[in-house]
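Labels run A, B and C following the written order; every chain starts at residue 1.
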Amino acid sequence: MQTVVHLVSADETEQQTALNIVRNLVEDESGTIDDVAVVAQAGGIERVTTREDEGEEVENLLADGVEFKACSNTLQMKGLEESDLVGGIETVPEGAVEVTRLQTEGYAYIRP
Amino acid sequence: MQTVVHLVSADETEQQTALNIVRNLVEDESGTIDDVAVVAQAGGIERVTTREDEGEEVENLLADGVEFKACSNTLQMKGLEESDLVGGIETVPEGAVEVTRLQTEGYAYIRP
Amino acid sequence: MQTVVHLVSADETEQQTALNIVRNLVEDESGTIDDVAVVAQAGGIERVTTREDEGEEVENLLADGVEFKACSNTLQMKGLEESDLVGGIETVPEGAVEVTRLQTEGYAYIRP
């Protein structure tokens, strides 16, 4: 099974819940989760910048095979550069299109 | 591809993110998004009333082909009339049933 | 049709919206909703404890056939016991895996 987690909220508690859920999906012992993706956009995008990822949680999740995709529209609106993102994060033109594409491919959607 | 955006939050930032995402889906240059629907219910419904749509964003999205559906159960609970909605918005008996129906038909779901 | 409602928010208004939506799905007069499940995790889990369910809303929804599943990872993180949950609620090892499984089986997802 495959899951996309939408990191869209500016709320820090919701952002932390999102990362906890991603961690739990990665470590799931049922062995039924094959792929986990995170799409970061709107208020959620700061959490995947180097400035906010102090505990290296995003970096560690990337190392564990989670795909992170950041919305270029959001970067532009917030005056952020790709170089502000944690290394290894891809950008996509529009996060909502990517979330749609992943669901259409069969990913389940979770918005913490 | 098709996407339903759930306008369910009373939070104004989340409501604005929802409308921004709808706009970005409509203007998406990949040409892969065929239909965009918005289901407004609970705390999200005020945003699709004439009183709240000061910038005419909802009106403009309707003109660009986005389908807006407002939950009749919510209108009743909040003492709102259909005539309070921006013109061109359909009502559905229950927003959550409509969201379910759309996903069952193949729409991806986004809750900003 | 089948719907899973994700009770994941710590916000009491969002929790109440979630329960209202579940109630409306159960009472839907279109007769198109066959199954409703609720997965409670993270900040949403308190709402399904006996301490928080003062109005017995969760208890009544269980009696009406709604399946409630509580995340064991969350119980552990919050120092809660299964006996703190409203009677009749099952536990699952990880809520996000359960939400993924249900969507993969065809359930629509709603996050109020």
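FYI, contacts are C-beta pairs under 8 Å (C-beta built on N, C-alpha and C of every residue); 3 or more make two chains touch, one makes a residue touch a chain.
Nothing here was measured: the structure is a model prediction, and the numbers come from that model.
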{"item": "Topology of the chain contact graph, where touching chains are joined (line, ring, star, complete, other)", "value": "complete"}
{"item": "Angle of rotation relating subunit B to subunit C [CA atoms, steps of 5 degrees]", "value": "120"}
{"item": "Interface residue identity across copies subunit A, subunit C - same or different by half", "value": "different"}
{"item": "Rounded Å distance between subunit A and subunit C, as computed from the means of their C-alpha atoms", "value": "24"}
{"item": "Touching two or more other chains - residues of subunit A", "value": "109, 111"}
{"item": "Partner subunit A, residues of subunit B touching it in the complex", "value": "1-3, 5, 13-14, 17, 20-21, 24-25, 28-30, 32-33, 106, 108-112"}
{"item": "Of all residues in subunit A, those that touch subunit B in their complex", "value": "6, 8-10, 41-43, 73, 93-97, 99-101, 103-104, 109, 111"}
